[in-house]
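What follows is a pair of complexes built around chain A, which joins chain B in one and chain C in the other.
Now for the complex of A and B:
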């Protein structure tokens, strides 16, 4: 028993350390957003502000078109999430339900797309969007992200876990593939769809690099781009304001993750994917 | 009209043949059992009827139409799956009526059919429950109910009782026959349990290694198996198969000369090496024995005892059933049997050699 409890303590301390290291930037961001400029430079490493002030938040809310940025980000993240969910479900269903030649080869090719670095596809995508005249529009950000290999993989795995006789029973009832998908499969994999949607949404919400290439005018900016204004040469050293914007940017996905953590963990553990 | 005809039907997965050249006719409204050991191709055969497996070669006709390429939903089939395949997210009512709504049957009729089926299967009051709130027996009845409301001309069952305990299985067998008698669909039932096959089936198709071994009534299959496989598969304990040879006008089994009735001579003479099949319950201990053996073991089966004998000379094994009220013999005993119940099988191919025109009963037990 003693050996076991010793081991438990050992692991607990290690894990606590890991958690602190992971959470430190968040804590730093939170505390800095409540500090005045003086306090930031006097007590940089102290996570607790001596006198918490909300001036940074007031400044951001008064002087920045924050609502505009939120609407832009929401529009782009929701569209991408919705499109990816639909394409992943339909493609996953096709891989599970239909028999067609070279099915496995096609699926394996799809898996290969995981390993293509984003920077490789960025240039051709940029040129295509530019030719289509979609630079500086939300559609330019959305269009190359309508489908996702990981999503298709996740949906296929979830659908494969459904006992085959359930689908066969549907076929014997003369149910169309659409009815089988919507009435039998989707209700059974709802938690996986929700989890996948949350991951897509958070990723799109936080996406910085692709919107940076496509969106040039400030009114079209998303929140991560707006944040960049304060931590670049343009924004100077307004650390308090930058952290307040960062807090407001991180809050929606954080809340979404915390409320739906259960679905996400279950889904990724079932499909054997490390989250 | 609603019969099913298999004409040279084959099914293979790559190089592996699962069903080989199946020729079989299932009459409209009969209860046919597909029986065989695991991996014999019986479930594949059923799934080909359902349209859930493609047919590699041959023709399958249902109701006079070739259905090789007809979609499962267009075949008008009701099927009960081994694990019931109830939709876990739907209530029992939704599970049962799912197919009827797809068929766009008027709601009044759906209600009437479902109410009747629920009453027949003692499921009234369970409509709003989910499948995971039911016991195995109840789930099985819901699956039957779902098939029953469809009132399809074909009723397929894939080992529907295999997940039930012995008591429930007994009850369910009777229910299945009652359900069939309600509107007499063509009924195909897959099982590996010979008791289920004998009690539920009007005819039994026995399969082994993808080939049909025998298709006949339970009585014929029990009394006159087509080959040594059927003889040893049907019956518990199975039929005794004794190696013998016909020489000098007599049958020689385990060094003993057995004199068959004269009518058998011509038939036996055609096959010099034979397997002689005798059911254990047709063997009896006798003072004027045909065979001698040493008792090795006695099994107590309640109303009967099964005596395991090792025959003298060549050590072949013979089982013999005795009423439980008879004293248990010991040591060496003599056994005799009636030729009325004897089956002869060719020693090489194992096929039943048939019966002589008339059988005389020289050795009554």
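Now for the complex of A and C:
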């Protein structure tokens, strides 16, 4: 039942066009970051720098506390990811393993937080963080993000797919819930946990708005916040340097995705996020 | 099943406490703040009743902001819902080869921070030296000042967000498309059903639950994503031309320090969200075909 291989050429043209639109800006960012100021303005469209230079990268390394920004971003993103994974697994487990009244109601209440917009929570949360004296600290960014409604949903979903007899077996041997969770369930849902973790990490690494409200002192900046410094009223002209910082910000999530993509795609495909 | 015990409460506590404290409690605080006049630092707060809401509803600003919001959402629905929906059908059912390549390649921009996307497109759309301007002038067109023209600016911002979110939504939709049995599509093909008929009669009904989900996140998250490019590139300008229902809350809260008005706008946003979600569950879900 093969469709004739040459009959679908027009679809390929359409899709290649989409690929070009999606990837060209990123290639452009990459090539600009390796160009000298002259090349940036004289051969703007040329995707291959005539003579690639790493001056822009050296400049930002020397003139910006870039390592500090990377450490800040890494600390915040990893803490949030780890915390969200743990709280989601624990809550997901409770929803699968225990029976209690208003279970569905509680679950929906937690899941619905996924839809509460940041603008609604930002002022009260900002006031609370400032009252706790956590402004300008990574903890102020991390604290409100220790749990995630969607994470709980995904963990409950994967745990539901575990065959019941496996859990029953553990229970018959009088294993404690903790042992059942760590010895039986976790090894089985490891792929979904890792895929979820990757998504959490990429999102927190990229986050701009909440850190913007909490971190005002330059040394506490994360990479996305540092990008703001390259935007001047008239658009600035230090494009090579700006693109170098943009590359460094974009690279970790990109590499994480490229190395784990088959894995992420499969989890996406199987878990079937269905409203 | 196991009965509820103090043990299960321990499992639930970390997530539940965090979400109640940082998602639901602020919602209540917003309601309270919206009835007061306050500048965020003054030790005293003045109760003003519904004044914030009345001012908000009678301001000229509101119409402009709602129009911008609607325009922005229309762009997003096209770029992040309709286009990926059509393309996901092609990727899942009209190709023999390379479908994995297309999926992975188109997904890549989704991993990029909106802060990166904003500065990148600021350079690409630079009206003097930017690459798009060079291309446009090569074919004899003049580049508009993308971020300075009212009406245009919010569309451009919609397209930047669209560029980032497109691939993510596409993957969700491809996942649903793949679940439509190949036999069904082959059968339709043998009977010479046109692509359009096939799409309408088989694909749409069988993928409607995921499609609905993608539609909802396109609107709900799209509205929040707008904060980043607007704040980085335009600060709501020119003349509130890129402000919208979501950014205005930030403007009143953290730029003008009118906490009461900001909260009133936040509550208005929340009401519109809630209405949207209720309509989604009550009306649309009935028409949706669920596989299980």
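Just a few scattered comments:
The definition used in the following text is that the second predicted complex is superposed on the first by the 261 of 275 C-alpha atoms of A that agree within 3 Å, B and C clash if a C-alpha of one lies under 4 Å from a C-alpha of the other, contacts with A are read in each partner's own complex, and residues count from 1 in each chain.
By definition in this document, a residue touches a chain if its C-beta (ideal position, glycine included) is under 8 Å from a C-beta of that chain, and two chains touch if they have at least 3 such contacts.
Please read all numbers here as calculations on a predicted model, not as lab measurements.
Annotation: superposed three-chain arrangement on chain A; chain B versus chain C shows no clash, the two fitting side by side.
When the shared chain is aligned, no partner comes close enough to touch A:57: not chain B, not chain C. Shared-chain residue A:188: touches chain B; no touch with chain C. After overlaying the two complexes on the shared chain, residue contacts for A:200 are found with neither chain B nor chain C. Of the two partner chains placed around the shared chain by superposition, neither chain B nor chain C is touched by A:34. Looking at the shared chain after the overlay, A:173 reaches chain B, while chain C stays out of its contact range.
Vertex at chain A: the C-alpha centres of chain B and chain C lie 90° apart in angle, rounded to steps of 10. After overlaying the two complexes on the shared chain, residue contacts for A:153 are found with neither chain B nor chain C.
A count of residues in chain A touched by chain B and by chain C gives the higher number to C. Of the two partner chains placed around the shared chain by superposition, neither chain B nor chain C is touched by A:263.
Superposition on the common chain A brings chain B within a closest Cα-Cα distance of 6 Å of chain C.
Taken together, the two complexes place no residue of chain A in contact with both chain B and chain C. Residues of chain C that touch chain A in their complex: 1-5, 7-8, 11-12, 14-16, 18-19, 22-27, 29-30, 33, 40, 87, 90-91, 94-98, 100, 102-109, 111-116, 118-124, 126, 128-131, 134-135, 163, 166-167, 171-172, 174-176, 178-179, 186, 209-210, 212-213, 216, 220, 223-224, 227-228, 231-233, 246, 249-250, 253-254, 259, 262-263, 265-267, 269-270, 273, 277. Within the complex formed with chain C, the chain A residues making contact are 1-3, 5, 8, 11-12, 14-15, 18-19, 21-23, 25-26, 28-29, 32, 41, 44-45, 86-88, 90-91, 93-94, 97-101, 106, 109-110, 113, 115-128, 143-149, 152, 177, 202, 205-209, 212-213, 223-225, 227-228, 230-231, 235, 237, 239, 242-243, 246, 249-250, 253-254, 256-257, 261, 265, 268-269, 272-275. Listed in rising order, the residues of chain A touching chain B in the complex are 163, 165-166, 168-169, 171-175, 179, 183-184, 187-188. Residues 50-52, 71-75, 77-79, 81-83, 85, 87-89, 98-99, 102-103, 150 of chain B are the ones that touch chain A when the two sit in their complex.
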